[in-house]
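Right, I'll just put the structure down here and ask away after.
To keep things simple, chains are lettered A, B, C and D as they appear, and every chain counts its residues starting from 1.
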Amino acid sequence: MPLFTGVVPPVVTPLTASFEVDYPSFTRVIDHLLDGGVHGLFVLGSTSEVVFHDQAARRRIVEHAISQVNGRVPVFVGVIDPTTDRVIGHAKAAQAAGADAVVVTAPFYTRTSQPEIVDHFRYIREALDVPVVAYDIPVCVGTKLERNTTVTLAREGTIAGLKDSSGDDGNLRYVMADTAGLADFFAMTGSEIVVDSVLAMGAHGVVPGLGNVDPHGYVRLWNLCQAGDFAAARKEQERLCRLFEMVRVSLPRTSPGSAGVGAFKTAMRRLGVIDTNIMARPQRPLNDEEASVIEGILRQTQLLS
Amino acid sequence: MPLFTGVVPPVVTPLTASFEVDYPSFTRVIDHLLDGGVHGLFVLGSTSEVVFHDQAARRRIVEHAISQVNGRVPVFVGVIDPTTDRVIGHAKAAQAAGADAVVVTAPFYTRTSQPEIVDHFRYIREALDVPVVAYDIPVCVGTKLERNTTVTLAREGTIAGLKDSSGDDGNLRYVMADTAGLADFFAMTGSEIVVDSVLAMGAHGVVPGLGNVDPHGYVRLWNLCQAGDFAAARKEQERLCRLFEMVRVSLPRTSPGSAGVGAFKTAMRRLGVIDTNIMARPQRPLNDEEASVIEGILRQTQLLS
Amino acid sequence: MPLFTGVVPPVVTPLTASFEVDYPSFTRVIDHLLDGGVHGLFVLGSTSEVVFHDQAARRRIVEHAISQVNGRVPVFVGVIDPTTDRVIGHAKAAQAAGADAVVVTAPFYTRTSQPEIVDHFRYIREALDVPVVAYDIPVCVGTKLERNTTVTLAREGTIAGLKDSSGDDGNLRYVMADTAGLADFFAMTGSEIVVDSVLAMGAHGVVPGLGNVDPHGYVRLWNLCQAGDFAAARKEQERLCRLFEMVRVSLPRTSPGSAGVGAFKTAMRRLGVIDTNIMARPQRPLNDEEASVIEGILRQTQLLS
Amino acid sequence: MPLFTGVVPPVVTPLTASFEVDYPSFTRVIDHLLDGGVHGLFVLGSTSEVVFHDQAARRRIVEHAISQVNGRVPVFVGVIDPTTDRVIGHAKAAQAAGADAVVVTAPFYTRTSQPEIVDHFRYIREALDVPVVAYDIPVCVGTKLERNTTVTLAREGTIAGLKDSSGDDGNLRYVMADTAGLADFFAMTGSEIVVDSVLAMGAHGVVPGLGNVDPHGYVRLWNLCQAGDFAAARKEQERLCRLFEMVRVSLPRTSPGSAGVGAFKTAMRRLGVIDTNIMARPQRPLNDEEASVIEGILRQTQLLS
């Protein structure tokens, strides 16, 4: 059995108007997700605005999340920073706080080769006792985890799983074929919009940012795929695709980064889960007019009546 | 007069075999550069492996450098991390340590728009009392500082200068034309190999990684350009171009990042300035065979006899 | 009903050792595909090395193909060249020869905007009486057909269908949702390796280069998807994925372009369909050692015993 | 001595309102350039909209140009199409028409490797009796001519010269150093805005699209550089940079391609050289408001009083 499976949303980190973590809202986000039936949480992912938080802030976020989850589901912790030893620093703190796994990208800002990326994961794994999940997100780090890199790390046991946000599902399929014989290795997709497809290919889970807005929807989608009812899964996925249109509402006024997380926060505010749609600086929040378009999308997708 | 001018090398950060900063070697690097006649130092630039050092390590590096320089030349400090408030954290520490200016890139990992980048610099400037220098390095951050972004920031006084490592000298020329009326604004190039050209266009300085290996060469080049002797400057530049061939010696065995800084460190070790050619993990150092090629290059360019 | 559906391989153009079209082999390719049960042919696609053939050569290829097919299935003709009026020239020739549809990319070499691309398709459509199929292949032309561009062209009737070789299946899903109300519009994928997924999303066909090697396989895959047996479809797709490994055999000795078409030709030679694995200049053919690896792949995937 | 030197503008191809070549205007363009003192003409370059013209149209354009020039200066002919044998077809026609050299890019649309690009140039050279000039324009073809590719071709005599429109002047400098011992090899830049710099580095000429608007300016710039008066050259270059601002006037309403050639044609129309500012389809011409901005630029740069 793969180590972890199911719906594991990257948890939004709510902020106050003065850019502090809003812990009461954060507690509500976690409860909202667990009430939605998700199978795990990914704290401090890209959707959590991880790179906006320094080491001290990250520690508080992780401790709060693990305390609030209280063992109900596994907690993955993103340990995302440019280079190996800084990642190890974050990862040791996450491990000490009780993380079930840490999630690691390729180095960024610095330009590394695939063999150096392999070394990066090995150094991190050697320094830890918790499982390491590779996070392939070229749009943020500028480098793809090549098939051979991922498969090498999986076969030797350096990584326990993969979160693939590369959008290259053909490559993911080859990685899954190459690792099919590894009983506990898992591959999850970071996509919101082709989840039914990637689960049908054999993926073990999904890490959807949009799951913050509609955890029930992704859990339904997961259950339908598990039951082999791909026709119904497709209908649910298509509803979630309509919901995902929210990430385009503020384009091109804001950057794609602000447009995505900003839309999720705006929708969660409207749903009463969090108090503000503020993002860390210099990201620009959605304005009232955009919030109103998002409200319309929530109605069209049965999240508001 | 522009606030700063001349040769301002990004200072290499020497490491021990156990990946600690080698402070005795670091002291020698600083003296080597000041003996070479440079006009300023840029501590914690890309060539300094800045993103490999956490906040505590950076503070020690900056304090050591400023103490060792002891006011002989201005010290710029790179405050390079993905997002606004983390940069402000580094910048306040640099300011407290006595930095003469801080050097700031666009956000990275997160995807921001040009207006958000403008905000990023404004927030940082508002939080500080020292001048802010914009650092345009798309190869590392994935975003170009567009002409209009840089010029807006310069005109309103948010940035005091520009370090341009984008390789787009045509764009730099337009930025310099647009800011020609700003008496104290300065534009420096991060190039090692077209310095004579960019100075002839009117740039106010150069920030050459290769200046760690041959500070005298870049100071000679600067002086020749100041004197208007561009024919002699071209000859010196061409010698420095031959020296710069060292950055290709370990390609493709290592990444371009490791190949560049690794070559500088290997050359500096051979010249007796530092003790090892170790770089921070996961970068792979040059091997003995590659070191021997670099020794040959040092001989061909009159740095070894 | 969509205008065209099913498996429509881009037909390989066999060459002699002196780089002429090998018409006896070409006839065998067509019969091999029709015997395989394909639902249409796409002559002069990228896999056909279309851009290597001038106007006169293309005309002979099209006439031969249409004559040999003799109405048994529809024939799409690629009319691929950099700019609008040159495309119209090819398209009028294809129409005169009896093409059932022409397949058109965005302009290339020249850099056009999305509104200019819309105009490009409109000008071409106005000049013709046959349906126009948009071909989205950013890896060759350097530009993506954006969702809004494709949907605008579909809604106004300028294009009758889309061949999507962009690899962006999420975008394709949105295009299909936006055009779901257009009864005769069709969307096909150019993928070889996620065909089951894209058909499950609702695509109307597939244009697989690998279909030249194993048309029966793709027809089986299509039939299984039509029957809703996605579990069996997945198994067939996974066998085809193993077969598709052939496109990596000569990398990095040759370019990706030569590696792909070269592998298909090498496999088809081994299967007795064509006489040489020669490609148009300057592409480098696979060598004997690589051919032997490909033979192994054919055995592992039950195409050779 | 290098085979060719000096100012060699890529000649604009004027069109009528019905998209035919406007030969009376074309004659005036050629005379305007020769009156401006240019040292050669580059017919059918990117600025000439070469890829919009088919084989028959190109032949007429070349014949007209060569007849009109009548031996007063050398005529380079661009033979730009995606693949080797199609290029050879154009090149033989150009040779038959009396071209002094043909200008060849890397293959495009198809994805070739550097060794295949080397072969491409060799096959073309073997088929011809006129000199071949390599044209490095990655923005159009998607591939850079790497230093080693260009230098290999230069040393073995396959190419007689280089037109570098890559914007990578550092790489150009290395190519010039590597080929310094080849007496007749020449390197020209395609830049409009750093010509003084590249000539100061030792380049043998310039191929400026903007030279269509102001040939006298580029000839003055060339003469000043030849005389070693780089201070005056810089002033002239800076005036030409202000003139070059015209290429941004219609952005983002049109594509960068249309914005550039469209601005040149609009300026030439205002200067009385050509009759329309029409470009080949699907390029969008500048409108009256944009034409008026361009008129202002012509006044500011002393081309109109």
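Definition applied: a contact is a pair of C-beta atoms (placed from the backbone, for glycine too) under 8 Å apart; a residue touches a chain by one contact, two chains touch by 3 or more.
From a predicted model like this one, the values you see are computed outputs, not experimental measurements.
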item: Graph separation of chain B and chain D (steps between touching chains); value: 1
item: Fraction-based call for chain D against chain C, same above half, different below; value: same
item: Farthest chain relative to chain A (centres taken as mean CA coordinates); value: D
item: Gap in Å, rounded to a whole number, between the CA centres of chain D and chain C; value: 35
item: Approximate Å spacing (C-alpha centroids) for the pair chain B, chain C; value: 49
item: For chain A, residues that touch 2 or more chains besides their own; value: none
item: Chain pairs that touch, as defined at the top of this document; value: A-B, A-C, B-D, C-D
item: Residues of chain A defined as touching chain C within the complex; value: 167-170, 173-174, 177, 191, 193-194, 196-198, 200-202, 228, 230-231, 234, 238, 241-242
item: Chain C-touching residues of chain D, taken from the complex the two chains share; value: 19, 46, 49, 51-55, 80-86, 89, 107-113, 115-117, 119-120, 123, 139-142, 252, 254-258, 280-284
